[in-house]
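Note that chain A is present in both complexes that follow, paired respectively with chain B and with chain C.
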Partner chain A sequence: MSSKINGQVSPQPCPHLVDFRSRNGSKPFRALQDCIRVKPPGGRAAIRREPSEVPRCSTCEESSRPRLYACVACAAVSCHAPPLHSHASAHALSIPGHEIAVDVDRAEIFCCACRDQVYDRDFDAAVVLAQTITATATTSTSGSTAMQCNVTGSQPENLRKRRRVDYRPWAPDSREHVIIGNHSIPLHDATNASLISSTELPWGLRGLNNLGNTCFMNSVLQALLHTPPLRDYFLSDRHNRYYCQQKNGAINGTKNSRLCLACDMDAMFSAVFSGDRTPYSPAKFLYSWWQHAANLASYEQQDAHEFFISMLDGIHEKVEKDKRKSQSPGSGDCCIAHRIFSGILRSDVMCLACGFTSTTYDPCVDFSLDFEPNQGGSGKSSSAKSHNSCSVEVDCMGSNQNCGISTLKSCLERFTRAERLGSDQKFFCQKCQVRQESLKQMSIRKLPLVSCFHVKRFEHSSIRKMSRKVDRYLQFPFSLDMAPYLSSSILRSRFGNRIFPFDGDDQDASNELSSEFELFAVVTHTGRLDAGHYVTYLRLSNQWYKCDDAWITRVNESIVRAAQGYMMFYVQKMLYYKASEKQDAS
Partner chain B sequence: MSAPNEDNTQLSSHFFGDLLDSIIVDVASECHRIAKVGLDRNLEEEEEELRLSAQARASVADPSNSGEANNKYVVDIFGQTHPPVANEIFKCMNCGRSIAAGRFAPHLEKCMGKGRKARLKVTRSSTAAQNQYSRGSPVSTYSSYTNSTSTSRLSNGTPGFAGEEYSNGTYEGEP
Partner chain C sequence: MKHSVNRPPTPDGAEDQGKEPTLQEIINIKLIESGEKERLMELLRERLIECGWKDEMKALCRAYIKKKGRNNVTMDDLVHLITPKGRASIPDSIKTELLQRISSFLTSAAL
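The block that comes next holds the complex of A and B.
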């Protein structure tokens, strides 16, 4: 059984490694530690007795072999060149106890008897330590936003461990039952004849009337009405519009209510989840939003993503600030909108001259992703194309991607890829005190509860001075694991994927669950840049519904998979209720 | 005895071979570690998603499949039909007039004094419009707390309006 630490498996050691460890005390790789050499900036670890040593096979005197192994017991260097010969294996066979060796160029442990690379936590820790020492020698805290970029470095303020509260189940007693009964209205009311009761259909499914080119708003509203934590917040009466208006409004005794987008949202949730299935007109909401976003108050040419951002901003602004709570960005303590959508991005910029790395953290409410530029004719793809038929082009992302198709994961891979900043974007290096070429890498420090991915389907040609829409298909999964894009994973890969707890790794196993997401809403756009139509697909009880303004219809999941996604909404899997899942209709 | 040129070719070929072998081992070693340490555990799920997507696209493209009804004359899942322009009547919260839902937005635009038809406004200059668009840098942008100017806007609605126009900022409060 291999043990797990921080979501990583520590592989089962081979018997020779077990034997080696038992014979060599608590620090079996102590001797190697001093020989670990790391070339800055951000270089790979190598094993050299002296920095300028050229390792040579003691049997055949060759130094140009791709694989040279130094015996950990006696430091003899041997080459390993299957299927021709393996002087390393010969060495292991000739002297018992000398089976374990280390790859001098890659700092990887090798068992010459098993002829396979093996892994050891203590050795990895030693390598990471050596790499960190090299890195911290060229890193220092500076400025108000940069933070120490070492492996176990300080976390951003608002991520200090919150004490978890133990779950205590609660049920109302008889007195509380009476109170609940007297002060609530049942959802399933048989006497209410106006309700189109259909218990097979999910609650909260209701069309939204188009008020005149407002499908940009309707599409986002449908997604938000079914965003699990947001839905729960409003349906649990966490923002009571009557109380809010009474408490904060009508100072001058005017008949008009005080502007509060959260109050309008509360009214909308009440209406949409009331059981009434006739289409709802979000007129009051539009009115409120136009007062908030005066510059966007025009019924033509609106963008759904812009509306989404504006709306979150509106909820944030109008909610009364609790002075006691910390207002640090990204913590989500300020308002429900940010509590749900806000995450934290980490940006590392490394000077290519000296290796000095500057780290900054910034909040974000969504992820805007670009397509890979200029795929040419390979944008089209058919399911018949196999891996064999594609050419090795820039559009082949990763080993397991179909060539020619852009995918959400490939966009995220590109988003978190180390980018060389060009000579026109030189970064001021604190250590060198001059502008240097550098390497920038983004990663996700904290995932939001709900991740909204916005696809930039917009192409501006500076030559032609016009813009056009990018209709390219983007594959998106129904289940998404964001673990590879977390800061801990990115940092780990930068240090060679060593078995080691990295900054951002949570000590408890629940962190593994919180990087898994489920898709619940897709906003699609069809048509041209200046004239088109938005439609939202919702996933409820594992059935997909198409929300086209007032028209709600059920669709097969393949329609959604094949659709041209513009905004995709994913919720953390642990918040996604699967208990009520029905059999997939397809 | 081979000519000097041939020696050089053989030598450079030999060096190239060594370099290539070394790079291959690099990749093998890294992939081996990733596999052993369990960092690629979702491979099957990812491939399944890709397969399902390809399958879905093929089935949607197939003309023999009844596609989703796109017109506005379908019956929804509750058994209702709706007119193309929503005809629910309600009172405008700004002026009190009774308006049909489908015409509410254009009415409100004029009623609130916004929109291009309501009054004269400053139109954005063409340079300002150009500056709004990014250079298409490979690094993706992300939204911060402030209301970011979007570099990617997909509009809905009828065409015919050349540029973007905005009101000059002040808005009239409730009448």
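The block that comes next holds the complex of A and C.
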């Protein structure tokens, strides 16, 4: 009984609504538009004939009923308080054509005959419009001119911006079998059987030797080696190191000056997935990375997150940029690193004086979480979002959780909650042309393929010239649904029960891909800030493996749950295979 | 609301019928006129979300809809379902806070 438009389920209208629309021409709710009042600016919408009207039921005079409905046909206000009485239903039954009413306090349409809420796109469009535009209608006597808009024009019925290709399963025919056989090396080759000694271990598990305090690098590399889209990219030869060397070697001259982190990654993928189980030494990679991040080149211990960011940067820089593709930040068209990790954040700042909202989009490659100071107060400070990582605050006294335990979810909830920028953080409102107190809300416009959550455990205070490590435990789920933090969800909760797509936004971007994520790697840190150790836990075929430099052991999931997470990697569920990853079906 | 349709007259409050407005009604009108009711509603909404009450009600509705089938449930059914539970599960702290706000409003409005 409902159709899918734009990825959102759109309920079918009841027969009374259909009837009403057909009887009342192209703009059946036009008269209601004059009565939409939005208080405070940008907040909830209500229906009032005059701004200070106190709605009353015309039958029983009550104004304090929880639900009052105004008949759209004749403007009679009736109460609806089942099971005692519903004067709204009585009204609908007594006069045919008067079944459709609108909730005066919520601006939502109700069918009194069906006794159920119904949805109408034109009406919702009008309400959303009223909520988003500023109150300029006060200057004109016929305020309706500002409100009336050609809603049919602004809603594209062709809602799929990217053409979807139908999925067709493929299996090779005999000729293709031969081609495949001739041009590939089988993974389970009989001659290599000796190398694949422990066949119960998944493919691609190989220890990494510590080359001198390089556990920070090994841990991140293990996570990246098993990042499904990255693994697939390199294993399907999308960056061929020989070809790349050949091409760039000619340009740059000396072989030593040629540096390509992607080529080194390619070499590492080949080595790790070769089937050889002896620990691998990523010396070439380390050397290349030193050349790229000269300031970090030493045998001292480094920060794993810093390494991660600098590595993505390195891949981005050196991968040949396709000039034809758009270079818009966050689109991920520039390189594989951004294609996988880059998401887009949306920031809405709404002036509390006039309701004008300014929206900005910023790309990010991961989410950095802060531990809130232990007082549990409501003081939140959001730092500038222009960095690559965005800061998110952990709430240890949050709502639906045990006292004192911080969770990843509560943190994200806090991140997307509307926050009042107080008098010391006034934002310049373009409409008012002065600095005003505002309401700021963050949301995720586009989810990356892989979300990396980084917990800020290392505090560096330049004032006190000291650094310390925060050992506090953070609970993280194995499956994470990011839907409540998407812009579409946040906006929907701001505007109420509407089916109007907002701003002509590319809703498709987040709706086409799933918002469900699966955890596949956890980088943990134990010990002190200056003397600590990084270890990575990998989830393969729903088994957890501890990767401690050159030693890989299978561990129970409870160990992972209790671990002190420093970086958590989640991949979109549709890219993550739980059951079918096992190579040998037993 | 076409202009050509005869609209029933807006009732003149209770004076027509000779009914004395109850205290509850007077308070309600004062709250609405001053805008305090809206502020209280916003505060209540915020508190109920914070303490997880909204999520609980949502979960109840979901479970009910799952059981009955999406097309067999009306809004009235849901309201009927969660009203008693909802009313009973509001935390005392929220009740106290709102009552306090209302009473201070009443003293300031010199009722």
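Throughout what follows, the second predicted complex is superposed on the first by the 356 of 586 C-alpha atoms of A that agree within 3 Å, B and C clash if a C-alpha of one lies under 4 Å from a C-alpha of the other, contacts with A are read in each partner's own complex, and residues count from 1 in each chain.
What we mean here is this: contacts are C-beta pairs under 8 Å (C-beta built on N, C-alpha and C of every residue); 3 or more make two chains touch, one makes a residue touch a chain.
A quick note: this is a predicted structure, and the numbers were derived from the prediction, not measured.
Touch criterion not met for A:Glu437: it reaches neither chain B nor chain C. Touch counts on chain A: comparing chain C and chain B, the chain ahead is B. When the shared chain is aligned, chain C comes close enough to touch A:Ser58, but chain B does not.
In the overlay built on the shared chain, the residue A:Asp19 is in contact with neither chain B nor chain C.
With both structures placed on the common chain, the touch criterion links A:Asp276 to neither chain B nor chain C.
Of the two partner chains placed around the shared chain by superposition, neither chain B nor chain C is touched by A:Asp122. In the superposition on chain A, A:Asp333 contacts neither chain B nor chain C. In the superposition on chain A, contact is made by A:Gln302 with chain B only, not with chain C. Once the two complexes are overlaid on chain A, the chain A residues touched by chain B in the first and by chain C in the second are 64, 117, 400.
Residues 1-2, 31-32, 39, 43-44, 49, 52, 54, 56, 58, 61-64, 72-76, 82-83, 110, 114-117, 399-400 of chain A are the ones that touch chain C when the two sit in their complex. Chain contact summary for the complex, chain A toward chain B: residues 8-11, 64, 66-67, 103, 105-106, 108, 117, 119, 196, 198, 201, 205, 207, 209-216, 254, 256, 277-279, 281, 283-284, 286-287, 290-291, 293-295, 297-306, 309-310, 313, 316, 329, 338, 345, 362-370, 373, 381-383, 400-402, 405, 407, 409, 411, 414-415, 419, 440, 442, 454, 456-460, 462, 465, 467, 469, 473, 475, 477-479, 481, 484, 489, 496-497, 499, 525, 527-534, 545-546, 549-555, 557-562, 566. Touching chain A in their complex are the following residues of chain C: 1-2, 5-8, 10-11, 13-14, 17, 19, 24-25, 28-29, 32-33, 35, 38, 42, 49-52, 55, 70-71, 74-76, 79-80. Considering their complex, residues 18, 21-22, 24-26, 29-30, 32-34, 36-39, 42-43, 45-47, 49-50, 52-61, 68-69, 72, 74, 76-80, 82, 85-86, 88, 90, 93-94, 101-109, 112, 114-116, 130, 133-136, 138-148, 150-159, 161, 164-167, 169-171, 174 of chain B touch chain A.
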